[in-house]
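Take a look at this one; I'll ask things after.
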Amino acid sequence: MNLSVEIGGLRLKNPVLTASGTFGYGEEYAEFVDLSALGAIVTKGLSLTPRKGNPPPRIVETPAGMLNAIGLQNIGVERFIEEKLPFLKQFDVPVIANFFGDSVDEFVGAAERLSRAAGIAGLEMNISCPNKQAGWLVFGTDPRVTFEVVSAVRKVTDLPLIVKLSPNVTDIALMARAAEDAGADAVSLINTVTGMAIDIKTRRPKLANITGGLSGPAIRPIGVRMVWEVFRAVGVPVIGSGGIMNGEDAIEYMLAGASAVAVGTANFVTPTATTDIIAGIRDYMTANGIRDISSIKGGLLWQREDL
Amino acid sequence: MSRFFQAEVTGNILLSQTHNILRITPLKPHPSPSPGQFYLLRVSEAMDPLLRRPLSILRWDESSLEFLIRLKGRGTLLLRNMPPGGCIDLLGPLGNGYPSAGDGETPILVAGGVGIASVYPLIGRLGTDPILFYGAASSGDLCLLDDIRAVTSNLYLSTDDGSMGSRGNTVERLAAFLDETSVPKPVVYACGPEGMTSALLRMLRERGIPGYVSLEERMACGVGACLGCVVETSGGYRRVCKEGPVFKARELGF
Amino acid sequence: MNLSVEIGGLRLKNPVLTASGTFGYGEEYAEFVDLSALGAIVTKGLSLTPRKGNPPPRIVETPAGMLNAIGLQNIGVERFIEEKLPFLKQFDVPVIANFFGDSVDEFVGAAERLSRAAGIAGLEMNISCPNKQAGWLVFGTDPRVTFEVVSAVRKVTDLPLIVKLSPNVTDIALMARAAEDAGADAVSLINTVTGMAIDIKTRRPKLANITGGLSGPAIRPIGVRMVWEVFRAVGVPVIGSGGIMNGEDAIEYMLAGASAVAVGTANFVTPTATTDIIAGIRDYMTANGIRDISSIKGGLLWQREDL
Amino acid sequence: MSRFFQAEVTGNILLSQTHNILRITPLKPHPSPSPGQFYLLRVSEAMDPLLRRPLSILRWDESSLEFLIRLKGRGTLLLRNMPPGGCIDLLGPLGNGYPSAGDGETPILVAGGVGIASVYPLIGRLGTDPILFYGAASSGDLCLLDDIRAVTSNLYLSTDDGSMGSRGNTVERLAAFLDETSVPKPVVYACGPEGMTSALLRMLRERGIPGYVSLEERMACGVGACLGCVVETSGGYRRVCKEGPVFKARELGF
């Protein structure tokens, strides 16, 4: 049985990644999960300089989902490389550093620094963050801006470059193509869907930041749809995420076109979610006589040609 | 011994309209907690409610764990209605509990409402006949009084409505006590609602009394990974689930 | 206690509407709900000529939600006026006809015909449908197209005109402004979020139409956020919808800026949902000493001025 | 008398690993069903699973309703585990059931798998000693045999694996029977899985035998409002919950 997949030149022993921001820097879950058993570890989003993040409350539960407004709190690339990377290097697992910036320069700076560190197998750039040079409009909502920032990062790194797309757009395939045209080796989707919840007793937003990102099973139908749209629009591999709770959900994403999947909110519900999902994928392969997991990628059967 | 384990519900005692004690028996050996630590409980197998609920450890022995639960919303309702015989999964013990008292220090325990659950395990463990201030909205919200009285006679009860103990809030009661009594090297161990906590912290700061306070914040992972449960401290944002839930009073700026 | 609200010149006895497509033509729920007790009845979407709709399966349950791909099956405006409207006229409730088209002409044709019928209190135009003159791109995803089609309809009707917006866009406030600029008397949001689900055993889409619209509590955080965005962007009243299951959810939407709410999927879960929600709103008003429901509109308390 | 009502679970009998009978007692007077009608049951108070589950009425009297449930997914699992004493809400009776047989007609009942639930109420109501063809995958899936035998001796069982009755499928069994036996004016009443239904419809068409067939489709509202449950018929799309679930065989094109 072959579970290994290739994502932009990176060979992973299986298609299950941790979703950025939901698995800390790996340490926190090492007691529950054999990190070496994972396809890859994607770190919490990193920026050139540390970020304090948003004031609490930062999370709120919603029907079959949750909103978060962590505000990209992180210790910065430098401290990550010094303090966190050595721990991760002990394991036989590719480390993908997720990073972001609020300007093209910050993106480039973070990518450069991360590319010089030994032990990082790939980069995932999170473009669902506001661009201070463009009135705080989110990078990932305009294909030209997406193209610009991805191109700039592409120039400074030889590492496999994954671009993580925002679902808060009219046409995600357009954004995926912009990322591909700019040299991305893979795209990753979906990030959280912007949402909001109000405490009707206090009349205040339940998140101090007012809005936050919706994740969890509630958004899975949106994620699957977007992966399917992107899969048919680009040639680079797609990493699917959004509400994957078990092996069956992972298979659903792969049938829609994902080469690999990222597991986020599920870690909070079940700390062993990632390895449970790997086991679930194996079970499905056994039950369905599938030898190579890549063979099911985009294997959705559909007849209507007009779509 | 994993901190993520399955357990059987082996008891569920309804204390009042709002409080119950859930007793569970882990199906495998599990790490022992210490006072002030907590667990995250899965309240349903469905995707709604999705997140685990944090509960302080109330009592434990080799074969079981007990939680005191105050009815708040859907999650605590499900925990209240959980029939014995059912299965539940838990994550814990989590976080840092209360440290033990130093030489010559006089521990003073302070509990507001269901905060008693967090403070309770200290009663039998911090010296003999420890001082406990315990307040709640009304007499019906004061739980486990017999068990508490069995361990200490230094119990100061108060209720907002005066239906039991003195009328008024616990922090004022404690302040009056400190005015009247000379306590050698007092150290406070406290858990209660936000209002109590901030009044207490102010009072401790004014009087220069050290203490430990357990905080609550919304949680997702419980293990320090999501950064969802931070509170502002003198050292910046700290995770309640990891650096807390018990913090030194002087770290807390509010 | 005053529950009445005004939506684009239309006075409703309370702010609870039925969401189009979830309450049939009213008849189906008349046995469970006193139709005269509702703020308004919004009909299933109507087109100039009858539509057969999509092949089954048309619905699938998802976590805290459902996908539907009814395909806008309807009996057409003519038969609606002849066969269904007389029944509705018996009740003391404003009837709002929801309609759509696949071209500007069809929109205009349906609006004209509906405006000539006696007993229709208002029109709601659903622009979350594909435009055959623009390569089947959805009307409501381009502000210029939105402006064009709403302007054309505005010219042919004097009825209060509500424009129902699609959430599948980068910036819903932009669409709302386009509708307002074109003469809409109110906007209504959110329609369903496009999603998809796959049967991993058969590898086929769970909906014959492949993709469908996600509704129900899962999308409530998205709806609340969008209502809040639109409320601050336009002057016309906003009708909020998306996952409203009880009075508290309705209040949440009103605090975000909705003047009224539309109840959809909740009808399927609880056939008395609409009147239960009216009762729930009353309870909240009593408990919070609110005399006039309009006074809570947009009553969200938030401090950060930078948003 | 509303078709939307609360009921108490007053019995839940596990027949096998996959089947159970849920008995409920409505808390208020409720309209009586007729054979072939169905109810939508709320399986959880949470938002997941969200939609009600459709179940055919199996048996009823003034004070209670019974459903035969085959374990399929999460909803039927919740219904299987529902403890007596709990409360559940229902919507029904819904749809159009089976019409009675005309003068001189010989009703032939055909049930595949849990389709027996739909056909079962006809057994005691369509003449004496009615003919019933009942098939399932294996003997363990054949339910209520004692009750059925108490009402009719004309029972023809079949299983796919031959573990009870004749080996093979019900439709072939029925075809053989019709070949061997001369039945005056046969009219078929059938409910079963899709494969059985389409084979049966083909067979009826070929032989020009009239019949009524109960269909299944995913449902949301159950009352004809959402247009979610349509099937293709000779008259266009028809709603299973409203015009069905029982359709005339000749209306069904497949």
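Order as written gives the chain letters A, B, C and D; numbering starts at 1 within each chain.
The definition used in the following text is that a residue touches a chain if its C-beta (ideal position, glycine included) is under 8 Å from a C-beta of that chain, and two chains touch if they have at least 3 such contacts.
A quick note: this is a predicted structure, and the numbers were derived from the prediction, not measured.
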Practice problem: Note down the smallest number of touching-chain steps it takes to go from subunit A to subunit D. | Solution: 1
Exercise. Go ahead and note the Å separation of the Cα centroids belonging to subunit A and subunit C.
Key: 33
Self-check item: Interchain centroid distance [CA atoms averaged], subunit B/subunit D, Å
Solution: 53
Quiz item: When the C-alpha atoms of subunit C and subunit D are each averaged to a single point, how far apart are the two points in Å?
Solution: 36
Quiz prompt | Set of subunit A residues in contact with two or more other chains | solution = 63-65, 216-218
Self-check item: Junction residues of subunit D - those touching two or more other chains
Solution: 47-49
Quiz item: Mapping chain-to-chain touches, which pattern fits: line, ring, star, complete or other?
Solution: complete
Quiz item: Touching subunit C in the complex: which residues of subunit A?
Solution: 62-65, 67, 141, 168-171, 193-198, 200, 202-205, 209-211, 214, 216-222, 224-225, 228, 243, 248, 251-252, 255-256, 284, 299-302, 304, 307
Quiz item: For the complex, which residues does subunit B have touching subunit D?
Solution: 44, 46-49, 74, 83
Quiz item: Where on subunit C is subunit D touching in the complex?
Solution: 21-24, 28-29, 31-32, 44, 52-53, 55-61, 63-66, 68, 70, 73, 216-218, 245, 265, 267-269, 271-272
Quiz item: For subunit B, which residues are in contact with subunit A within the complex?
Solution: 2-4, 42, 47-52, 91, 217-232, 236-237, 242
Exercise. Over in the complex, which subunit D residues touch subunit A? Could you list them?
Key: 47-48
